[in-house]
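Note sheet for the following structure.
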Amino acid sequence: MSSHWGTKLSFSIFGESHGAGIGVVLEGIPAGERLDFDELGRFLLRRSPGRSSLSTSRVEGDEPEFLSGVKDGVTTGTPISALIRNRDTRSSDYAVHLDVPRPGHADYSAQLRYGGHQDVRGGGHFSGRLTAPLCVAGGIAKQVLSRRGVTVGAHILSISGIYDRSFSEHGLSLDELSGPGKKSFPVLDDSIGLEMVSAIESAREDGDSVGGRIECVALGVPGGLGEPMFGGVENVISSLVFGIPGVRGIEFGYGIGAADLRGSEHNDGFELAENGSVRTATNRHGGVLGGITTGMPIVVKVGMKPTPSIAKLQRSVSLDRQEEVELSVKGRHDPCIVPRAVPVVESAVALALLDLMLLG
Amino acid sequence: MSSHWGTKLSFSIFGESHGAGIGVVLEGIPAGERLDFDELGRFLLRRSPGRSSLSTSRVEGDEPEFLSGVKDGVTTGTPISALIRNRDTRSSDYAVHLDVPRPGHADYSAQLRYGGHQDVRGGGHFSGRLTAPLCVAGGIAKQVLSRRGVTVGAHILSISGIYDRSFSEHGLSLDELSGPGKKSFPVLDDSIGLEMVSAIESAREDGDSVGGRIECVALGVPGGLGEPMFGGVENVISSLVFGIPGVRGIEFGYGIGAADLRGSEHNDGFELAENGSVRTATNRHGGVLGGITTGMPIVVKVGMKPTPSIAKLQRSVSLDRQEEVELSVKGRHDPCIVPRAVPVVESAVALALLDLMLLG
Amino acid sequence: MSSHWGTKLSFSIFGESHGAGIGVVLEGIPAGERLDFDELGRFLLRRSPGRSSLSTSRVEGDEPEFLSGVKDGVTTGTPISALIRNRDTRSSDYAVHLDVPRPGHADYSAQLRYGGHQDVRGGGHFSGRLTAPLCVAGGIAKQVLSRRGVTVGAHILSISGIYDRSFSEHGLSLDELSGPGKKSFPVLDDSIGLEMVSAIESAREDGDSVGGRIECVALGVPGGLGEPMFGGVENVISSLVFGIPGVRGIEFGYGIGAADLRGSEHNDGFELAENGSVRTATNRHGGVLGGITTGMPIVVKVGMKPTPSIAKLQRSVSLDRQEEVELSVKGRHDPCIVPRAVPVVESAVALALLDLMLLG
Amino acid sequence: MSSHWGTKLSFSIFGESHGAGIGVVLEGIPAGERLDFDELGRFLLRRSPGRSSLSTSRVEGDEPEFLSGVKDGVTTGTPISALIRNRDTRSSDYAVHLDVPRPGHADYSAQLRYGGHQDVRGGGHFSGRLTAPLCVAGGIAKQVLSRRGVTVGAHILSISGIYDRSFSEHGLSLDELSGPGKKSFPVLDDSIGLEMVSAIESAREDGDSVGGRIECVALGVPGGLGEPMFGGVENVISSLVFGIPGVRGIEFGYGIGAADLRGSEHNDGFELAENGSVRTATNRHGGVLGGITTGMPIVVKVGMKPTPSIAKLQRSVSLDRQEEVELSVKGRHDPCIVPRAVPVVESAVALALLDLMLLG
């Protein structure tokens, strides 16, 4: 069930980059939820290619056709399915990779698993394009969560070692959280954003690519969700986030850097808020203790590798001829997928939290 | 199913730190596997407390009684169950934490979820003690993997910012991989190990604690295991590893630092080995591309927070009296759980890989 | 995950009777399987409506469009998805049933679950039409099984108390097993079939409907598949078969009648076949002992209720007006769904057995 | 995950008939449920052997030791585990069956699956004894359901073709439903019960055995539980019930006999109850339409085969010597397991309904 995920909320993603279409079957969204398709469209636009000179020149509408599960704009309670037709495909670019695997891509490992039957065009089922249906599901989850008081937002935390500031640890507002998503380049500090853009452009000019980090926060998540040991918030989110192509690591709260702190530095003391509720004075735990939410903001950080498709010459081998060759990857590729991945990470986190919330 | 994990290989972990006992039901181990109980005993000893001045003074045999699934030392194919009785418990230490949650612990989040019915003694089901049955399952998985040519090893990569060297990227031998596990303090470089020990002792003297990182490698994993998008090696391993108390982040291969590299620096070129097989010249991808193994070593790095239980005064609140208080955590606690967590990480990685291997 | 089923082989079914379309996402079919679309088309035709005067006059091509997972007629190993567009729908027939639930239908129970948001047109997601995508998945499974030596066939065992003979217990040939599926009315004994047709016609003339039984056998299933206690062949098949609308009971081997036999009458003695292999002299156990296959034919019998949609006046209530009313169900309905359900039962059994086979 | 079952409520059963012990790990029971251990003990006694001359002379206390998940008699919310030690075992009786499989038992199919490594003593993991931990879980589920207004009861519907009357279709009271469970021979009509006892005794005298049917009803189940297509009440219950050794078929409501009725005879018309609520005038649908509960009583009927272990001579083969032999099964066996299976069926139904209820 590798392209299927979830428990009470669950979904199956299908399709290949250059096949007839891609899509998602989403189950478990409660009946009676009115979907705002304009909002969904705007959300999907955030991951669409072709929005700026920074991303692949492939242009697709990516408008999903809803085939089931929604009637008169309201969810019926049975599976929601959405189909996105592939249109602008140039498959001839890819034929070579069945013979000569691209470094950093799944060409070689897919060959081992599927014995040459995999659809290699555009990366097939491994393509970043498969994150479009993930965003259809995620965009719906975000709307359902929003009605339950939960807001999920994200921004580029770093690109090529250039860091945006983090979301505020104290007093993070919905405006701050949702701000980056409204920008064409989703950062908190636009001047830093310009530096990042320069780094991306520079990589493109060199026929190269860059990676980066994304920070995602969920505000308003009620306490008491999730369970030890393997049903914890971190387990559930990470099982989904690693489905996003290019993710190499995930951290929660203060993250892996906690390894360098002392307990007295890392522990978040408890205090009473003005309204008498219990909260932590700081949020290094990122809203999760023992796998269970504390009511504080959920903080997730994801590290993404640089796009593996680069024009620069790379070493590879011809599987047929059993000889080493040099390869320059053709085709239209983003020199940096991080900006487009921001709504994808939001989607993954939203879907994970909604599943936990519906499980209760 | 929070304390249950797995697909073809699966297990359920039960118990509380200070209850009658803890244990595991492990399903899916093929019939006919001879278990080496001496080897398993040595493996369990690696996570046992009370081995040195560095860990909690609680002494437990942790010898599992096998209740089913093994006959004359050989697996029957039906569920293997093992029980570890709790003996040395001093529950009176913990009564206070139902009222005053310990910072960094699950006391407060468990209170939100279980409404005061949770077993708070020794952390209950949240205790690090629950990693003992995980190691029973993991130790068995390691033996089964070993017979199939797969070896899993790990070492302390850092404590308190003091770094051991990494496992060799080229020519990693079984000796090097298994070496740390044979030491009482599992590092590659013993002189670095002494520095780490000093840092831990120093934290203890201060009534404080330290965290660290663990690097785990699996050698001999065949290519072609795992599947996109959510059945990938990273998804499966992380869904299990975050069940280990204290883990705050996980990375694969070069890890999150990939975010700072260019594609030309991060991609691993393919080459032909002397025997004609395909391999990558480097292993920044950590043995996984597109969620599927490439036949190169699987590399996993985990970051663990400092032990939350510290003697130093911390801020907390009395939930009953609704007032802020100061707290010094009593009881016997490791100032650093990282050394004992090394076999636990090995267990998690071994179980995940065996599940993928049995799924085929 | 109610419309999702399976473990290693798994699928999600989506759609509503009168929505945009219905379909299936099928995961786990091995890479490299060549699909025979003509054979699949013939199989789907067996459950299509409009083939004779006996079934609903709704005419649909039911030709699936494959959106992914198949390239040049061969499976890629990643999810296969197929879409069947709905065309010939007359939704106005159904509006009333949101207010006045049809006896024997899911109108009322769906109202309780979905609070009026369910798509009631044509039964929505509860429609027998959803068995079309199940047959797409099942038809593929049958082809894959066939290449592994397993043949699944079924016939009408009874309609309205009129019984066809059972498949031969001894020496059942592929011809006998596949014979009924080649007929427009799938029975073994055509003279009995004519009696059944009369009974159906007679019910139609009375504005009424009839039910019946289906017997399904799988030949060539290797021994040793399935597991105690909840992974047994019976558990797996029944968890799928009860997804077919109208099924009220399921039996294996000699079935529930075993309750009336003595052990000496019901036990199947073992004997040696001429080639030295072990087999049972009789097959009252239906190929499964302790949940595990014995290598003998798998025998499944299913009982289906009469079509609930009948023209005859029935008692119901107006949910809005809170008053009792009389109802005559309009629309185009089969007076007996059993003949069309035969390939659906074959599909369910084939999918269950293929999942067990792939799990190993 | 063959010995694991469930979604939100889930459990793993372990053990072999003649091993160290058997038990269950039960997850998902809400925190804060007070368990009545006396009531549980009485419930377990209903399936215990050795209560009368009718069952095996093996005497076991079957008192479970609770190892976790319960504190001061109240559930903690984390996994409940219970262990039943095996004491009275005479394993020498069974050695022969590794060579000569017993007709009607899993000896031969287990041999195919586990290659001779299975624990054959007393049936090993296939033994009816494994229903004891199922009853521990089921007895707990019954208590939790009871507090939510749901009562599950069952009785022997037939033995050897001798039928008890069914539970009343109209006005079934809690007294009637719970009555059979209070008797040593669980029937509604005690004079029929005496006839059944005679039939069992007669079979025993002949060195033979008899089978029977069990009817189980759940009262008070709220409407709107379950989901199409594979998450329906029938799918969920049957996936569990076929885990009970000896079950050959399952029916819901009027059952398979519905196949012989016309729609006008089988459909249950809706009517208004005196309090204005909607109900069906009859209950041939057995409380489930489209997989979803209607609020009417859930009716399940199960058919069980005669005990396969009989003293009468049977045909078998020696697997080692490859020759046909005659076999008389030694050991202590019930000539009829149906009476003891009544609480087991109640357990299965209760666990299935509680899982659906908790899933919501």
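In order of appearance the chains are A, B, C and D, and numbering begins at 1 in each one.
Everything below uses one rule, namely that a residue touches a chain if its C-beta (ideal position, glycine included) is under 8 Å from a C-beta of that chain, and two chains touch if they have at least 3 such contacts.
These numbers come from a predicted model, not from an experiment.
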What is the chain whose Cα centroid lies farthest from the Cα centroid of subunit C? B
Between B-C and A-C, which chain pair is linked by the larger number of C-beta contacts? A-C
So the centre of each chain is just the mean of its C-alpha atoms; given that, what is the distance between subunit A and subunit C in Å? 39
Centre distance in Å when subunit C and subunit D are each reduced to the mean of their C-alpha atoms: 27
In whole angstrom, how far does the Cα centroid of subunit B sit from the Cα centroid of subunit C? 46
Show the residues in subunit A shared as contacts by 2 or more other chains, in ascending order. 1-4, 7-8, 13, 78, 113, 125, 228
Help me check something: in the complex, which residues belonging to subunit B touch subunit A? 1-5, 7, 13, 101, 103-106, 108-110, 112-113, 125-126, 130, 158-161, 203, 206, 208-213, 223-232, 234-236, 238-240, 242-243, 245, 247-272, 276, 278, 280-281, 285, 288-295, 301, 303-310, 312, 314-317, 319, 322-324
Given the complex, residues on subunit B that touch subunit D span 1-4, 6-8, 10, 12-16, 19-23, 25, 27-28, 31-32, 65-69, 71, 74-81, 83, 113-115, 117-119, 124-125
Once bound in the complex, which stretches of subunit B touch subunit C? 7-8, 78, 228, 359-360
